[in-house]
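Here the chain labels run A, B, C and D in written order, and each chain numbers its own residues starting at 1.
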Amino acid sequence: MSLVRDALTILAVCAGAFFFLAGTVGLLRFPDALSRLHALTKADNLGLGLIVLGLLLQTEGAFPALRLISVWLLGLLAGATVTQLIARAVHPGGLHD
Amino acid sequence: MPGSATANGFLLVLAVILPFAGVLVSLALGGRNAERVALIVMPAGLAIALAIVVAVWRTGNALQYFVGNWKPPLGVAFRADGLSAVMILTSALLICGIGLFARAQFSTPRGAEARAPLVFWTLLLAVWGALNGVFIGGDLFNLYVALELLTFAAVPLVSLDGRAETLAAALRYLLFALLGSILYLLGAALLYGAYGTLDIVLLSARIHAQPVAWAAISLMTVGLLAKAALYPFHLWLPPAHAGAPAPASALLSGLVVKAPFFLVVRLWFDVMPGMPERATAQILGVLGAAAIIFGSVVALRQARLKLLIAYSTVAQIGYLFLMFPLAVRPEGGYPWSTAAWTGGILQAISHAFAKAAMFMAAGLIAEALGHDRIAGLSGIGRALPITVLAFGLSGLSLMGLPPSGGFVAKAMLLTGAVAEGQWWWALVVLVGGLLAGGYVFLVLARALGDPIEPLRLSAQVSRRRQAVVMAVALCAILLGFAPLRPSDFLQIGRPDTGIVGLR
Amino acid sequence: MVFDAGLAVLVLGVAAWTIVARDTFAAVVGFIAYGLLLALVWVRLAAPDVALTEAAIGSGLTGVLLLGASTRVRRTKNLTAGKEPAAALRLAAIGLCVMVSAAIAVLVLLLPEPAPTLAAPVAANLAATGLGNPVTAVLMAYRAIDTLLEVVVLLLALLGVWSLAPDRLWGGVPGLHYRADPDGILTFDAQLLVPIGILVGIHIFWVGSVAPGGEFQGATILAAMWILTTLSGLVDTPSVSRRWLRLLLIAGPAVFVAIGLAGFAMAGAFLAYPIEHAKLLILIIEVPVTLSIAAMLALLVAGPPERSLHR
Amino acid sequence: MNAATLYGLCSAVLVGLGLYGLIIHPEPLRKILAFNLIGGGVFLLFGVVARRGAAAGFGGDPVPQALVITGLVVAFASTALALALLVRLSSEPGRANLPSEGSGEEPMGGGPL
């Protein structure tokens, strides 16, 4: 059982790390700010989510699990805020005007 | 081992805590209360300082206190030997004098709270607390915190009037101070890594002549020199000290730069007694000599009175460092039983009084005339005779003429130079005295000369403030009656097994 | 070990980039990354308390300050117009710095083995402080005087920052004004995040007696929440002469001094705690100190008064 | 070589790097940044000293760790004051930089600062 759990953890964390890597490559290679943001948010949301998921399998008890989930949620919130702010700084009036 | 706590040791805690408690109360009450709090703390702090001196003198031993009853190396010790006690008393006297002088300049208007008075009175107390912390700190990291307190209290005083020049001077002062702090901290990290304590007494027993110890002490010394504005780290001092309001200049030039010097003395003679080589000490002496010559020559060329006095500070700081080549490894006896050691300390004290009086006198002159151009001083000697006399008396001390504290200090440095067979330092002292005579005479000749057209004063200067300046200048003169020999009081609490060679 | 080597190389790379970056803004961003990487190093050095402090203050708050300053300095004047240093100076600087680094590296290798340490006496006296976290015991008991003076350092720095206000603006409001946008993301953020953040801050402070955390780390998070509410424009920074603000600022150091002085009577020394009440007394000090530090940090970021009250 | 020694060497290089930045950058903001970089290196040295002193069941000597926490807060305070001075100075008309070393009465050439 623990072997399966460990394997799943490794799989999830590796997948998460891959998304971070892809996001970083996107950040460096994409031409303009908006597509860079697009790449970055993928890394943030999915990558962090997968890593947290992998680690959740290793926790014992509700409290550490709750902490991990709140780390993911706070990360999402921070990422969303910053993305919004940067996007607005790039296009002050919004995309459509 | 660091021994045990002494009775009366609690006085040391009060000396540090009382001024900071005053800062807290001033900020909480605000408005005119800042000045009132300072005026209450001043006599109380002076009483504590006197009590410390009396306690050290009567017991003939250093006071020691373990904060929170935690003994070093775990805890932090406060210690006051004869040297600390003298510095504490000097600070207390001078801060009371500066406080009385500053009342007219930094009175709070009725009604709303004003910026400059609130900042000045709270920071005056903060400088006091930080100085006492430096003078009694027994732990090198605690001393770092005390030094930082001093920097944060001193920098805003420089830019109190908010002009662009003084803001730039304050920023540069802060950058130099930061450099000094980082070097000091680096040295402290190495010392802890090598010896597992930062307590001065414990360190002095554990430290050996090893590369780590040498590097640590060198780094800390260089850092402290940057804070003490010893040549070639003097660049920040003249604009900072000349741009500050007169009472703040007196505080900065008289006392604040003495704190890092005091710590160099602690490092060289307490942390590693007997370890420094004569050759290393010669470097400090050479820098001191360069400061004396350079500072005095540049002072001679100044057109503005406050800048002249500030460059004179650069020169007078140089004298302090002449004591190192003369007191390290003397021909006979301990470093602190040499004439030069006592002379160096006496120079620190008498310069404190003389320079504070000079800056305050210059402040009164500038207030009366509306400017401080030396060329336009003619006739001020008749308008403000007491002030100009006080200026002249402090000048005596800077030149090293009797009767003055400066004379005794420089005479003892000369004696030390002769006794140690290092005549070149004597030459520097004499040339420095001549140059100081030059720049003091330059000012006095103008001030006492007849004006071309009748002098119109732009402001009246109260007699009380002139009397305060006179009193401070007289302190510098009174020190001239100190006996011309190593002081017994200053030797109280010195380690008596400090010489490696004698062990 | 491989991980450590990689981390060290990364830290050095980011540090070098911070130094050579042409754009000041980029250098500041590099510095923030440097701070976060150092926080990881602190974890590797078994110093989680320091890691939290480094991430919160060393990287976070310092980063906010530097970002704010870099945009404001650039807005008013182009500071980077300074002349390029000459090649000779560059070479001399490189030589000097290589020598300094080499010397320190040699000294590190020369440090004695076994290393001197105070871990044993810290552990032996831990029971007398009633604390479980040795770092908190050093900060609040063995070397409490350092901590007390350090809080005063922050207060003096704040007074120094305030002293830069023009005379007519004394009693005014620090920093720039941020207009509240009721539909803006920051408003949403502030409303959602601030309650959570305050809870996290209190939690980090609270566990500090037994686990990594403590008053400085908790206070930094509280300060960040304060900054977020002012950035979103929901609440403006208070005027510097508000009585409640002054009392909030001095409450921590004042209680610290008061309990320190009470130590004379209770345990025979300044800042000594009687064993049976040590934990309670330390807690009584820490609560106001945390609040005061939070206010000081937030106001240090806000800067000197720049707006008068009547507008 | 263990991890502590590795980070010790890392701190030595950090101090050198910061020093280089301090010398070659004329702008005060970059100098302040460099100070913080050196500070990071010096604090790291304290951390290495702490790690080497691991004993009594602690992963590191708690005393230097506590000193670093104090030092970090003091460093933040210095940075805040320096930046506030700089922002205020740059809002003054006609002042973009620290006055050059040779301003009027000053006959000396400039040092690194």
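Keep in mind that, in the parts below, a contact is a pair of C-beta atoms (placed from the backbone, for glycine too) under 8 Å apart; a residue touches a chain by one contact, two chains touch by 3 or more.
Treat the numbers as computed from the prediction; the structure is a model and nothing was measured.
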Per Cα centroids, the chain farthest from subunit D: A
Selected interface, A-C versus B-C, where C-beta contact pairs are more numerous: B-C
Mean-CA-position distance for subunit D and subunit A (Å): 33
Subunit A and subunit C: spacing of chain centres that average the CA atoms, whole Å: 27
Intercentroid distance (Cα basis), subunit D paired with subunit C, Å: 14
Sites on subunit C at which at least two other chains make contact: 103-104, 107, 111, 115-118, 122, 142-143, 146, 150, 153, 156-157, 160, 164
Junction residues of subunit B - those touching two or more other chains: 74, 141, 145, 148, 152, 155-156, 159, 167, 186, 190, 193, 196
Per-residue overlap in subunit A, given as positions that touch at least 2 other chains: none
Interchain pairs in contact, sorted by label: A-C, B-C, B-D, C-D
Subunit C-touching residues of subunit D, taken from the complex the two chains share: 2-21, 23-30, 32-34, 36-37, 40, 43-45, 47-63, 65-70, 72-81, 83-88, 90-91, 96-97
Interfacial residue positions of subunit C with respect to subunit B in the complex: 103-104, 106-107, 110-112, 115-118, 121-122, 125, 141-146, 149-150, 152-153, 155-157, 159-160, 162-167, 170-171, 241, 243, 246-247, 249-250, 253-254, 257, 260-261, 263-264, 267-273
Interfacial residue positions of subunit D with respect to subunit B in the complex: 15, 22, 28, 31-32, 35, 38-39, 42, 45-46, 48-49, 52-53, 63-64, 67, 70-71, 74, 77-78, 81-82, 85-86, 88-89, 92-95, 98-99, 101, 103, 105-108, 110-111, 113
Subunit B - residues contacting subunit C, complex: 5, 10, 13, 17, 20-21, 23-24, 27-28, 30, 65-70, 73-76, 112-116, 118-119, 122-123, 126, 129, 133, 141-142, 145-146, 148-149, 152-153, 155-156, 159-160, 162, 167, 186, 190, 193-197, 210-212, 215
List of subunit C residues in touch with subunit D within their complex: 1, 4-5, 8, 11-12, 15-16, 18-19, 24, 27-28, 31, 34-35, 38, 41-42, 44-47, 49-50, 53-54, 57-58, 61-62, 65-66, 68-70, 72-73, 76-83, 85, 89-90, 93-94, 96-98, 100-105, 107-109, 111, 115-120, 122-124, 134-135, 137-139, 142-143, 146-147, 150, 153-154, 156-157, 160-161, 164, 214, 216, 297, 300-301, 303-304
